[in-house]
Amino acid sequence: MGKKFKKLIKNFSLSELRAGLGITAKELVNKKITVQFPEERTPISPRFRGLHALRRYPNGEERCIACKLCEAVCPANAITIESEMREDGTRRTTQYDIDLFKCIFCGFCEESCPVDAIVETQIFDYAFIDSREGSIINKARLLEVGDKNEDMINKTKLEDAKYK
Amino acid sequence: MMMALWQAFVVSTHNLLPWFDGVIATVLIILIKAFALIMPLMLVVAYFTYAERKMIGYMQLRIGPNRVGPRGWLQPIADALKLMTKEIIFPSKANIYLFLLAPVLAIAPAIAVWAVIPFAEGIFVVDLDVSLLYVLAIGSIGVYGIILAGWASNSKYPLLGALRSASLLVSYEIVIGFALVTVVMIAGSVNLNTIVEAQRGGILHWYWLPLLPMMIIFFISALVETNRAPFDVVEGESEIVGGTHVEYSGMTFAIFFLAEYANMILMAVLAVLLFFGGWHSPFMGIPYLEFMFSWVPGIVWLLAKSSFFMFLYLWVRATFPRFRYDQIMRLSWKVFLPITIIWIFVVALMTQLKLGVWFG
Amino acid sequence: MLANYLPIMVFIFLGIAFGIGPMLIGHLLGPSKPDEEKNSQFECGFPAFDDSRMHFNVRYYLVAILFILFDLEVAFFFPWAVVQSDLGWFGFVGMSIFLFLLVVGFIFEWKNGALEWE
Amino acid sequence: MAEIHNYTLNFGPQHPAAHGVLRLILEIDGEVIKRADPHIGLLHRGTEKLAESKPYNHSIGYMDRLDYVSMMCNEHAFVMAIEKMLEIEVPQRAQYIRVMFDEITRILNHLMWLGTHGLDVGAMSIFLYAFREREKLIDCYEAVSGSRMHATYYRPGGVYRDLPDKMPQYLESDFRTNKELAQMNKNRQGSLLDFIADFTEEFPKSIQQYDDLLTDNRIWKQRLVNIGIVTAKRAKQLGFTGPMLRGSGVAWDLRKKQPYSVYNQLDFDIPVGVTGDSYDRYLVRMEEMRQSNRIIKQCVAWLKDNPGEVMSDDHKVAPPSRVAMKDDMESLIHHFKLFTEGYCLPKGEVYCAIEHPKGEFGIYLISDGANKPYRVKIRAPGFAHLAAMDEMTKGHMLSDVVTIIGTQDIVFGEIDR
Amino acid sequence: MADLKTQLMAEFGKQNLLDAFGELSLNVDSADIVKTCLKLRDSFFFDTLIDLCGVDYLAYGQSDWDADASSSGFSRGREIQSDENTHEQRFAVVYQLLSVSKNQRLRVKAYVDEAQPIIQSVTNVWKSANWYEREAFDLFGILFENHTDLRRILTDYGFKGHPLRKDFPLIGEVEMRYDEDLARVVYEPVSIEPNISVPRVIRK
């Protein structure tokens, strides 16, 4: 009887509902977790795998030697490479396309590259709204990304180098 | 201040009277009064949606709309403009006339009800003797708009919504009726003005105290009637996608939205009028505080109290899961109805014994 | 007395206007490019199986009938409620009897499972 | 009287509670379900077929995309299957890292389930509260693997890289004062392990909050108790695993019963339900989060004390370090060999299962001796659970279908593969 | 497990039981699959059917990639290959069994012929076989007799072929696009080229 009565009282006192309301009321005044994206960003790890870039040596020579490891290792077949012997006898790519629709950003290309030419940067807010072709990013654009962000790439890759 | 302005307004309109004759003049005055009431109402609706998004956002650790205008203040306007320029889609299988009648049927009562609501001493459009009954009668017409919308859409999810709406109708209507009976019993009138005046006095003189269970039941039933969470089974977006709103787009949808929010505000105001002493200051009768707050006009008290109820709507929505619709029916038939019947008896006994300050 | 209802008439008309007006505005301002897919009824992205207006079982039928009964009873309560304090114990006892009958009926329905509509 | 028919209703894929792309054909009478026929495959990407055409390592990234809310657990099953066939030794530290991230993944998954389940039943706020914690864990994912979801972190022979010593921090912006910024970066001062340790301290409070918000709530109880009851016997017949089986009262957990990795060195309990209804499964999963938190704590303590290698030094399987690759010819050859043709598995077949947050996630691998799998069969727990949809929903109402979808914790990436 | 092994050997014969990588595998004749399964369920307490899948042994042990690697890449050496298939029958249905009560696992394998890929359904033994058999039917075209609801499950409505068969090309046979003129989705033969960048190396 006593137990039943207690349960009845508990039922009508709406205690657990009031506890729930208490939680939302508390959160009403708590600090908000929103990060206002374009102006403010969440922390990005130096290991972050974002948009690809092709790097150059400090003297301006492109690093990529067209060994095609990245092409072979790409699980999504997103990379297409054509190469040619240059006049000075070195082998360089004539075509280096990454289809970003296919790319799954696994980071294998960067992992496999023996000369640190292809890297994945911290850039993630790129979008291709013009056409399907816009998502196939070619050698010139990759180099451009690399040139523009060399400082960032250098810094993050150095930071992470000891773990590799 | 507001009071003075209103009186000046009334006096000036009365002075203009001789220039018009008879009915036209009266109708014009009513129209002016009506717009003076409806326009602010629409504004309140608009900013209520903003407040809802902000408040629920805050409760969910977000900051809500903040990009349109400073701190997002222009968001409701942007929303309205967006809805205006959206295409109105007429589903090919729908019954077009009924389809378009439904939103009208939803909004017309939501606006017509406001005719009898008093806002402060002497501030009302019309002082009807049976205003409470009028509110009850007109207020329940709005549901037919929703049921009709579900039927006219000729689509399954809206129809399910309409069925659920009908099931809610048969569950909360009686409970609300019984809850109001207790108020009428104490006040001895069905005129809202008189009911509020009967509660004259401080916070302890209001009816929420003797009618506490009734007030809670009234508030919950108000949630059901306005299809608000946790009773939003008619929309139930995770179950029936949007219920009766599924086939409506653009302004046709906006009208349902408007009606729903106008009804929510109405229920909040009604709760204040019936249980929270309307425009009376809560400090009436308390020696020092009464004097300190005597400058606050009645309408401000009313609005402040209503805001509390409106906030409750949002608070509850942010907190609770949704009922299943048969559970709502069970709740009202098996829990609320017995309680109200018992409480009618208790109140009758209390009035006969003249207990407390509320009776007599 | 009747003059009291004039504002209410006006309000009802205003309400209707508030329903029709925005729809007209929306129709004028918004585009109108109907196509077959857009105008078809929503059923989660697939063509609807069959007509939505077929007969099926509304399970709370009995509750709906009870609702009508109780709603009428509520209507009886209002006039009594207004004057009950003046009626004194006579009114109290009278209504108690009515209430008692109501409760007995309600319990009967409950026990008979009229509310177990599932 | 006109004849009364059952309704046939499309439920999904364009439906808020379809959890992706579930298409349910419901036969309903009023709102009571007579028959539920799930149509799946709308997210079928042919992962198994794709895996047959790639060297083993290439498929790791695709495993992430199966159950895309518990990524690393999928990887774990796959790499374990490969390791089992290669019979290679995985360093202890890598094992602990794997277990720690498995449990982080379990919490991630259960938080996602809790949020969406709450949302299905109509409780909005829980979703955001769950995501508040998820955000921290996803930051751990990013810090360790470089990707917030599809980690590709586990490799045959260990894990790709050791845990970082530094956590990335919030940068200055116009929206934050320095004080606020310091507050936000407070738990990011130390290493990743410190960050996780901090999380494990805070997380029980969050679970308590979810508990207070939902567990005793009468509406929540009304919606979950006695909905979708599956008895223990039935659950086994239906091939249930994981929380779905434990909710029915069977204390079956691969981490305890067939321990893999280092689970046998860790201390944790298995919660079980009683009646096998949605509410029991809810309680089981809530308790599992607490237990996972306990495991993570133990892993953090071990990892702090035991630095070391995280990758096997068998360069037939694991690539040599980059420094070695650049200095040493042999390493370079290994590097090239590994990244072009991969490695070959011996002939044979294995079935390797792990206790995935949703149940038993298994990889059945057939190798004909090549560097590509001959056949990969992915045993997804959700597949068996969803198959029971008809049985679980029969006689319930439309609203309960949503509850049951929620309680089954369905993710289409794994079901459709 | 040793216990189970001896018991199974006694019951089903030594030659049918395989023990590799610490897992038991039982080969059974596809004709008495239901009988065997019932016995396994009732006498050996395998109460759960964890998984059921089809396997196509058409290309077992064969290497692919007859084509060139790429027009100008370095050559990738291929090593000795064993181009013989040791499987007489093309398809196999593999059952992964689990005994929750005894904590044991067993793999059951039944081969079916290419000409007549039919096997009895085990839905009456384990309910969970229902969808798994549908999947095997969908992906391999193996027919399950007495299955009450043998429809396709993973592939599209109106799909042709059985995609996990080894003779089904990886790139598929049709591709789908939206046709502006017809205002609907149309199917066309695939336009992309098959692309394999890594050879299949089979070492003895």
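Just so it is clear, A, B, C, D and E label the chains in written order, and each chain counts residues from 1 on its own.
Throughout what follows, a residue touches a chain if its C-beta (ideal position, glycine included) is under 8 Å from a C-beta of that chain, and two chains touch if they have at least 3 such contacts.
Since the model is a prediction, treat every value here as computed from it, not as a measurement.
Both chain A and chain D are touched by B, E. Looking at chain A and chain C, the chains that touch each of them are B, D.
Looking at which two chains touch through the most C-beta pairs, you get B-C. Relative to chain C, the most remote chain by averaged C-alpha coordinates is E. Comparing chain C-alpha centroids with the centroid of the full set of protein C-alpha atoms picks out D as the closest.
Most remote chain with respect to chain B, judged by CA-atom centres, is E. Chain geometry summary: the mean Cα position of chain C and that of chain E are 59 Å apart. A separation of 46 Å divides the Cα centre of chain B from that of chain D. Remark: chain B and chain E have CA centroids separated by 63 Å (rounded to whole angstrom). Looking at chain D, residues 7, 9, 15, 30-31, 54, 58, 125, 129, 132, 213-214, 217, 340 sit in touch with two or more other chains. Along chain C, residues 42-44, 48, 58, 118 each make contact with two or more other chains. In chain B, the residues that touch at least two other chains are 59-62, 156, 163, 241, 318-320, 326. By the contact rule set out at the top, the touching chain pairs are A-B, A-D, A-E, B-C, B-D, C-D, D-E. Interface residues of chain C, counted against chain D in their complex, comprise 42-46, 48-50, 54-59, 118. Those residues of chain A that touch chain B in the shared complex are 17, 20-21, 23-25, 27-34, 36.
Against chain E, in their complex, chain D makes its touches with residues 40-41, 44, 46, 48-50, 52-55, 58, 84-85, 236-239, 241, 245, 250, 252, 257-258, 340-342, 344, 348-351, 353, 360, 362, 364, 366, 368-372, 374-375, 377, 379, 383-384, 386-388, 416-417. Contact residues on chain C toward chain B in their complex (touch as defined above): 3-8, 10-12, 14-16, 18-20, 22-23, 25-27, 29-34, 36, 38-44, 48, 51-53, 58, 60, 63-64, 66-67, 70-71, 74-75, 77-78, 81-86, 88-89, 92, 95-96, 99, 102-103, 106, 110, 115, 117-118.
Chain B contributes residues 56, 59-62, 156, 160, 163, 229-230, 232-233, 236-241, 317-327 to its touches with chain D in the complex.
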